[in-house]
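Below is one structure, written out as structure tokens; the observations come after it.
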Amino acid sequence: MDKVYQKIEEAIADVNDGAVIAIGGFFACGVPRLLLQALIDKKTKNLTLTCGCGPMVGATEELRALVKNGQLKKLIDSYGLARSASKGRQDPFEQAVKAGTIELEVVPMGTLAERYRAAAAGVAAVYLPTGAGSIVEKSVVSSIVANRTPKETRVFNGKTYILEYALKPDFAFVHAHTADKEGNLRYSKTARNFNPVMASAAKATIVEAENIVEPGEIDPDCIHTPGIYVKRVVQVPRIKVRVGID
Amino acid sequence: MDKVYQKIEEAIADVNDGAVIAIGGFFACGVPRLLLQALIDKKTKNLTLTCGCGPMVGATEELRALVKNGQLKKLIDSYGLARSASKGRQDPFEQAVKAGTIELEVVPMGTLAERYRAAAAGVAAVYLPTGAGSIVEKSVVSSIVANRTPKETRVFNGKTYILEYALKPDFAFVHAHTADKEGNLRYSKTARNFNPVMASAAKATIVEAENIVEPGEIDPDCIHTPGIYVKRVVQVPRIKVRVGID
Amino acid sequence: MEKVKLTGIPREMIALRISKEIKDGDYVNLGIGIPTLISNWIEGRDIMLQGEIGLLKSGPLVTDEEMIDQDCINASCQPIIEIPGTIYFDILESFTMIRGGRMNLVVMGALQVNDKGDYAGWANPSRGLDVGNIGGSMDLVAGADRLFLAMEHVAVDGNPKVVKKLTFPPTTTGKVNMIFTDLAVMEVTPKGLLLKEVAPGLTAKDVQSVTEPKLIVSPDLKEIEF
Amino acid sequence: MEKVKLTGIPREMIALRISKEIKDGDYVNLGIGIPTLISNWIEGRDIMLQGEIGLLKSGPLVTDEEMIDQDCINASCQPIIEIPGTIYFDILESFTMIRGGRMNLVVMGALQVNDKGDYAGWANPSRGLDVGNIGGSMDLVAGADRLFLAMEHVAVDGNPKVVKKLTFPPTTTGKVNMIFTDLAVMEVTPKGLLLKEVAPGLTAKDVQSVTEPKLIVSPDLKEIEF
């Protein structure tokens, strides 16, 4: 089944206002920047972006545009704010969070990974040790400080665990090094990060790939994301990214 | 850190009576036969073998020897019995289960995979849909029919899930195609199956590998099992295996 | 119920009939037994077979002993041939797909099925054991978009397999969509089993005579078409 | 408590001191800040650095701009060099290792720590927000065999960071084993903080003067050794 789309705007045509979209990448690395740019151009509103570790901190320009256009309703991430407080003071996103116009929900990185995986694997919920004894025992959302929802905890073998639920995005935007036409993917080095687990979790996964090849051309023992999880693939140029975070 | 052992008997020297050992492989494919043979030679007793899908159905000779030597206390598997009832009637293992001298616990294949993963990933327990409305809502152990332990169930979004607990073996016996000296592993095709999840779940993972190479010689983007999970590696010849199950 | 012996279609033809229900682009998992035979009828079509051992877009079975790779088998432990697009993964990825709802269709064998879509396939108490082989069956039925059964209509001993009440332990309850046997094609509906097709030469009455639950006969009842 | 300004060792030397505690063969994860500097002191040793982004046996930082591969960074978003034995994996595998207890040692930075081994590192309310960046910190501390903190003893504004009661939200409670600062090396014991080493030229009394909880002075108190 050929999943290749020629135009990036066609690949995201059904991403509508109010969509929940998982965004791959870890800081500046492995971020689907051209899909993000297409989303900015499309001016889709009321978006919830669910991330892993700071892809929007790594894609500063794209985040600024999304904030400026008023497209963002909420960001879920483990590292959603600029690293330094001084950079944060000049950051439109941080100011919008402060003003309460955009919601920021903070979740430990491994818990986020696990919640995507639960959604992918048909698991309803899992008991994780992460954050026991911390504020993570409640939901950590910027706008509901006075009323943070407590989570269920339970002791197994003398240790406290928190019940964490599956997180299933409507879409995942993924950046791959190579895709074959049936949607099997390979990532490059640390650009893999959250991309595979998001690809398997979302209802519809849309891939930007630097290379597109025929089925069978990727080593069949080294597929990072099986094509069964992928709905559409579009080829993009490799663009130069400044490594580092603010 | 060099994890290579020259002799297979040294690699399993600390596997003592009463050990719980995960055995990789799916029917005849990817089974650590030479580690099993070393275990037979060592005459370790009172063993619990935890499997995935029928490695002992695929390694008939090894199973017969373990039964004959009285080494087996219990087998946990999704497919622990010969496929046909007529073969089963001649099978010493099935007769021992009937007689109650060996316990057989039956767990759905995906649930077993998930329970190993939970152990690997520091997850206490997970809610799975598998087996809801079936006998899997209780533990399915041959010797405790009259008193099968009920499991916790819970409804999420109108669907029933079963709470399944992490399963952490003392050891995992794993068959790999290639290992480097630091324990990074690659498997071949469908011989991968349960080997990686068991390798990451066990307290001590012992690997038989058909090839041993220097660190860096396996494509670093294609490591199936990171060496951090592996305690010892021993080189074994590739032995011819009859494909098919009884 | 009398023990009638009706002549139906062979197993290969049950498989052929089911193959007509599979759409191009579908991801499909085939259980051990009659379901495995379906793979013979879909070669060359754009259908992706998944094997729970950890492979997708499985190629055809090896027919020449020389070509066996002992590291390349399907979930029924049969050696298979790699084709362009065949990929391998571990058991966690395999059951992530399966439980996660990525299988458009799962076809399983069965020992018994009733008119509510419950079926039994994992343990036959006549074996003298109170345990059996579950394998991946319960995971597959938990995650499947659609679940078909492929089975003989009547057991070798003449007892019905399409029953009012399961006497064998169930694999799942209320999940079966369609039942394909040597005698008939039936759909599980909220009102009961809808008889849609019968084997050449048989009548609805013939099929009913070896079926415990009362069948609803489709107004469009026809012969099984291949 | 008076706001004394004591002169201690530089950040690089805190990192050097910690490097002496790491055993050959250890798997280690280093947090952002002072912990990252430890990597400079262990080059060539048989120590495996894990990066939660998804790499193990991380090589040294890139110093020559020409050599940057934008697909090859550590968890602090710094470009690194691949060495023989460096391997990459996805985020699930990374946190399987981390939560699953495979890290022999985790070294983190901190904003505050108390004498029970609780520490705060993820949110500084002075930023004017009630949320912060958790990143992988809470997963790392949940799974670590041993947890060290590497930090300045006193905040830039002169306030103590080794406190009786955390005023910042905790990252974890009761998990810290050792604290390495510019002024001292302290061990968290059931009875409180055991002062084991002081920076050259300082006394236990000096360190106590900028530390809120009462320190237990080791009978073997010595200067920090490198």
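For clarity, chains are labelled A, B, C and D in written order, and residue numbers in each chain start from 1.
By our rule, a contact is a pair of C-beta atoms (placed from the backbone, for glycine too) under 8 Å apart; a residue touches a chain by one contact, two chains touch by 3 or more.
These numbers come from a predicted model, not from an experiment.
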### Summary
Contact-pair count is greater, between A-D and B-D, for A-D
### Query
Using each chain's Cα centroid, which is most distant from the centroid of subunit A?
C
### Query
Cα centroid separation between subunit A and subunit C, in whole Å?
38
### Summary
Distance between the CA centroids of subunit A and subunit D (whole Å) is 28
### Message
Roughly how far is subunit C from subunit D, centre to centre by C-alpha average, rounded to an integer in Å?
### Response
57
#### Entry: Where subunit D touches two or more other chains, by residue
82, 88-89, 92, 95, 98-99, 142-143
## Note on the structure
Residue ranges of subunit A touching at least 2 other chains are 114, 117, 121-123, 128-129, 187-189, 192, 220-221
### Query
Graph of touching chains, which shape: line, ring, star, complete, other?
other
### Pairs of chains in contact (touch as defined earlier), listed by label
A-B, A-C, A-D, B-C, B-D
### Query
Which residues, counting only subunit B, touch subunit C once they are in their complex?
26-30, 52-54, 58, 78-81, 83, 85, 88, 94, 97-98, 104-111, 113-114, 117, 128-136, 140-142, 145, 177, 187-197, 224, 240-241, 243-245
### Summary
In their shared complex, subunit A is touched by residues of subunit B numbered 114, 118, 121-129, 154, 156-157, 159, 161, 186-189, 192, 219-222
### Query
Mind pulling up the subunit A residues that touch subunit C in the complex?
1, 117, 119-123, 180, 182, 184, 200, 214-216, 220-221, 223, 226-229
### Query
Mind pulling up the subunit D residues that touch subunit B in the complex?
24-25, 27, 46, 48, 50, 56-57, 82-89, 92-93, 95-102, 142-143
## Note on the structure
Seen from subunit C, its contact residues with subunit B in the complex are 32, 51-55, 68-79, 82, 88-92, 94-95, 98-99, 124, 126-139, 142-143, 169-174
